[in-house]
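The letters A, B, C and D name the chains in turn, as written, and every chain counts its residues from 1.
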Amino acid sequence: MRPHLIALGAIVVLCAAAAFGLHDTVTLDLLFTLLLYAVLGQSWNWISGYAGNISFGHAIFFACGAYASALCVTHGLSPWLAFPAGALVAALLAVVTGFPTLALRGHYFSIATIAVAALVEVFVRTSPWLGGANGFELPIASGWAALQFSQKGPYVLLALALFAIVQLATMWLERSRLGYYLRALRANHAAAASVGIDERRWKLIAFAWSAVMASAAGVLYAQYTLFVDPPSTIALAISIDIALIGVVGGIGTLWGPAAGALVYVVLAKGVALQIGGTGKGYDLVIYGAIICIIAAWRPHGIVGTIVDALRRRRGTATATPA
Amino acid sequence: MYARRLVASLAALAVAVTAGAVPIRAADAPEVVIGAVLPLTGTLSQTGAGLRTAMLLAQDLVNGHVSYPLPMVGKSGLPHLGHARIRLVFADSQGKPDQARAAAEQLITQDHAVALIGTYASSTTATASQAAERAGIPFLNPDSSAPNLTARGLKWFFRTTPNDATFAENFYQFLGDLKRTKNITVKRVAVVGEDGLFGTGAGDAEEAGAKKYGYDIATRVSYPATTTEVNAEVQRVKTSSPDVIFQASYVPDALLFVRGYKQQGVNVKAIFAQDAGFVDPNFLKAIGADAEGVFTREVFSMDIKFRNQAVPLVDQLFRQRSDGAKPLDGNTARDFMGVLVLADAIDRAGSTKPDAIRDALTKTNIPGKLTLMPWNRIHFDATGQNDGGVGIIEQLQDGKYETVWPFDVAVRPVVWPMPAWKR
Amino acid sequence: METLTTFEQLLVGGLLAGLVFALVAVGLTLIYGVMDVVNFAHGEFLMLAMYATLGLALVGIGPLVGLPLVAVALFLFGVVVYRVFVRRLLAGPPEATVFGTFGLLVLLQGLAQSLFTGDFRSVPDPPFQATLRFGGVALSQATLVEGIGALVLTAALFAFVEYTEIGRAMRAVAEDRVAATLMGIDVQRVNLLAFGIGSACVGAAGALLMLSFPVFPTAGASFALTAFVVVALGGFGSIQGALVAALLVGLLEVFGGYYLAPELKMVPVYLAYLAVVLLRPQGLLGRR
Amino acid sequence: MTTLLEVRGLAKRFGSLRALDGVDLDVAEGSLTGLIGPNGAGKSTAFSCIAGADKPSAGSVRFRGREIAGMAYHRVAALGIGRTYQIVQTFAEMTVLEAVTTGALLRHPRLRDAIGSAEEVLEFVGLADKRHRLGRALTIADKKRLEVARALATEPALLLLDEVMAGLTPAECRDAVDLLRRVLARGITVLMVEHVMEVLMPIAEHVVVIAAGKTIFSGSAAEAVRDPRVVEAYLGSPLEHGEIAS
């Protein structure tokens, strides 16, 4: 537990320093996107990593937060309300999706999440009060009450706070009944049932928390981008981006999502522009190739591979996976 | 055909000679940086690459000394700024709203752009223009058609292209002209469109226009753009028996619909397309004669009467630079013009201060014939919308889109109604 | 004015649309049934088959004549992808196959974008473009051919799996991989063949689809989404189940689109999927 | 002696195969009851129907007077029935301590308490020194002992042991029997499935014999050995008296 706390502390200090010290919008924007995607990756990791049911509809929980924020602001309410409101709707959506499918074999859940995400997208697209296909443009304001700032610093701080909370929650998860039960369910289904673990109940709890985290990230996204529409918040491509971050980083690990987010942001921002600018799709080729290589040769992802190496070198198991 | 090209190149030569000696540039005249936000990666990357080529062409013509009858071309940079060169710096929006905002901020803070231009997709223009508004930097939008972009009360936002509302308006004006001149009456209108921003924006404008001009909406059909069959949609249109169909589709769905209409014998007097799928060369190749007689709104055409004779020259230069020697089209022509309008404003402002440029933009008044477009003029109203911008209507006649409206610039007479489906 | 023929037209349209979905889904069912793997790059295999068909058409070999060639090409492609890539995925944790095939999806789309650009390309004047009319109902000849192709392909695959020696080995592996190994079945070889034959089915589907659809880098994606729902609805691994489910999805989409609203046409399809998963987790005709 | 578990007419059909066809069984509180029978008699099927892993086709299973036939597997465990498996099911990637803690969490939601309780169980079963060893790295005997420990950690009233002696060396059997005696001494009722008669005889006060899915004998171990139907069921043909009593 100790090394993780130190690592998290270091990241918090580093990012906070950047948030106050730096004024270069590009770096701060990169940092904000990185932290946001790390949160989304970890939220996805709770259900797809720790619980082992792979979700391909995670964007709908992200959208709950984003649309909650857009609705609050366009109806003159404070965007801070969007955190509880979005979380509630997201958790409800998770229960509705998870209840019938979480006890079933993997593929059913994955395809069910795609189906529910598609239903949510059609629902939003055909509901004028949810902005239909046009989505919402949030009016410009500023200050902590309006949760909107002209400078990037405060946004990075908020994303950093959310990231710290999510990482601490995951550290708690790994040393909690929920965490033990999820690991037991993934390790050996029959043995888990024999010690009284109700698979559906505990996976639903993990799924609901996962949805709440994604929703919180959605609120920050909306307040940062000031524009929310189906393709940028609900589309299947967003769910896949979130999932691939979790996989590349290392599924079921504490630091996997952060590593995955780093790779994604560096690739999406850096490499893509240099070689992607010709409209030739090289960015897709590179990203696709990386995912294939990881899935085939290093399925535990970046952090997972490091953990395996550490574990082998140290012989017996460390207390819990990093 | 050969003769026309010969004449065109002679004209260019003549113009070049009369431009006089090349003016010397003030040695240390700093460059004027203009930030351009375009979708360079992602699904729209191919369109983005074409737009970038068009903008760079405009930049080089402004900085060059070969003059054409276009604003700011051939004056070796900006005369009122010591012939300083304009330099376009590009940032990638990836076609995503959050990335577009970040790209705009990067151009403003890091590249110190004096003005921004872009971004093609309406959702990315929304966020990028917000970033410019917050930073107090003029934002020129040459190519997004969502009507609400100029309804946000932004001070620093200017749009040269007509929007969906104007295009819908044009269709109804065209129908009005047909009624007056050829006593053609149309009563029932079907509005069909994909369910994204493009289809919904166009559909809403067409529906509003119908109410305004007194037409009945036979049916409104919205469908998922990635659908692989359109049985229900075509039946909906058929059973509503419309006189005319408005259609906003991309290539795959446009093919499905036209073949579906033919197969189900949906006989209408006209199909009015919102550009996109219907003007794509691949669509025309695949659909063959079945699309004969389809109308489309357009913002640019190579062969409208009284056109600016710079059009073929710019088209020629563009073909040489564009990937696959693609011709100039509505999007690239509009972005080309956008750069010239911005250069003109900065030059008139005589300074790179945002307020000065903004003030100059509000006074922009470029006559139509000095543009590549079939517009009356380029002049921004209080909301920043170019009120001189008007679409033209073309009709597919023996496999080629010919301008048929406004009648004073039309190259071919209107064929009405559309020829019946061939067996 | 809604006439009886509207209902008949929707019925015929729905069934034909369903057959097209079956055509696309049949290869996926075999691969899932035998190897318990959902190939999320299924759409991209279809897209490659469509580009191959286009390539042949440009050198004068029409889609029908080219079908067997494309099928063989996809068989070889499937075998190579299995041996180089999928075999390793199967050795990894369960989620590896899911993400490996997603990586393949992104990779193949990127390659298609860079090799063929984003243009929408169609086969120049393809055959079967006429419109057929039976008693007030009109249907496209091309879609009919695709439908017949779907029935033939499903029947052929069903016969192959039921009556051939390799087919029986595949069913054994699908039933219980460990038991099959104990009985001396070389599971790796069976998996290889299953993946190859599954890909060949996709090749045939791609060739037929080029009769009425353009190809572009993301052409496969919309077909694949429906195929996953069809395979899951029909019961993973059940070939007849996939056919029944595909027809059901076709009808739901068309009637849902007409009587509800076109933008809601996918709602009944997804609701049907969730209902079946809730009530009959093994799918319509699948086994537990 | 109150009856902790009462099974009446337990039946289970797999299609046309009648795996169980009327099993009756009583387990007195605090006793060690043996469930024996030749291979394929349906012992394991009966066992998993009682434990809730399989749903019986018919019949009733009453635990402390409450009907639990067909109840979801994890709820049966929560009611106080712990079990082990014929083919040992270990949490391969978990350490010994973590696995037993997972069991203890049923009664001790707070992790700290659960770990404490798990440590006690490990002391009790004699695995304390291997607490940080990974599950997959243990010997068969230790894996079985871990499984017992995991079940004990859920503080069950009734412990179902499915051939816990199978595959053990004589020395390991002796240790297992010793552990079993200490489990009984803590007041935990045990129902044990075995097909090795010698192991069961000395420790089982009460024995139920099933053959071909039916209960054919219920009584003391000593009587069971002499009962002709039991002998016939085991050896298939009548033999002189006393041959198998060792």
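In this section, a residue touches a chain if its C-beta (ideal position, glycine included) is under 8 Å from a C-beta of that chain, and two chains touch if they have at least 3 such contacts.
These numbers come from a predicted model, not from an experiment.
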item: Chain whose Cα centroid lies at the greatest distance from that of subunit C; value: D
item: Chain with minimal offset from the mean of all protein Cα atoms; value: A
item: Interface with the most contact pairs, given as the two chains involved; value: A-C
item: Geometric centre distance via CA averages, subunit D-subunit A, whole Å; value: 44
item: Separation of mean Cα positions, subunit C and subunit B [Å, integer]; value: 39
item: Rounded Å distance between subunit A and subunit C, as computed from the means of their C-alpha atoms; value: 32
item: Distance between chain centroids, defined by C-alpha means - subunit B, subunit D (Å); value: 79
item: Overlap residues in subunit B, where contacts from two or more other chains coincide; value: 45-46, 195, 222, 224
item: Where subunit C touches two or more other chains at once, by residue number; value: 113, 117-118, 225, 261, 263, 266
item: Chain contact topology (line, ring, star, complete or other); value: other
item: Touching pairs among all chains present in the structure; value: A-B, A-C, A-D, B-C
item: Parts of subunit C lying in touch with subunit A, wherever the complex brings them together; value: 32, 38, 85, 88-89, 92-100, 102-114, 117-118, 217, 225, 228-229, 232, 236, 261, 263-264, 266-267, 270-271, 273-274, 277-278, 281
item: Complex contacts: residues of subunit A adjacent to subunit C; value: 48, 52, 54, 100-101, 104-108, 110-112, 114-116, 118-119, 122, 125-126, 236, 240, 243-244, 247, 251, 279-297, 299-300
item: Contact set on subunit B toward subunit C in their complex; value: 43, 45-46, 195, 221-224, 226-229, 231-233, 235-236, 238-239, 241, 251-252, 255, 259, 262-265, 280, 282-283, 285-286, 288, 324, 423
item: Subunit C to subunit B touching residues, read off their complex; value: 1-2, 6, 9-10, 13-14, 17, 20, 113, 117-122, 124-125, 131, 138-140, 212-214, 216, 218-219, 221-223, 225-226, 250, 253-258, 261-263, 265-266
item: Interface residues, subunit B side, partner subunit A - complex; value: 40-41, 45-49, 52, 90, 92, 94, 96-98, 101-102, 105-106, 108-110, 123, 126-127, 130, 133-134, 146, 148, 152, 195-197, 199-201, 222, 224, 323
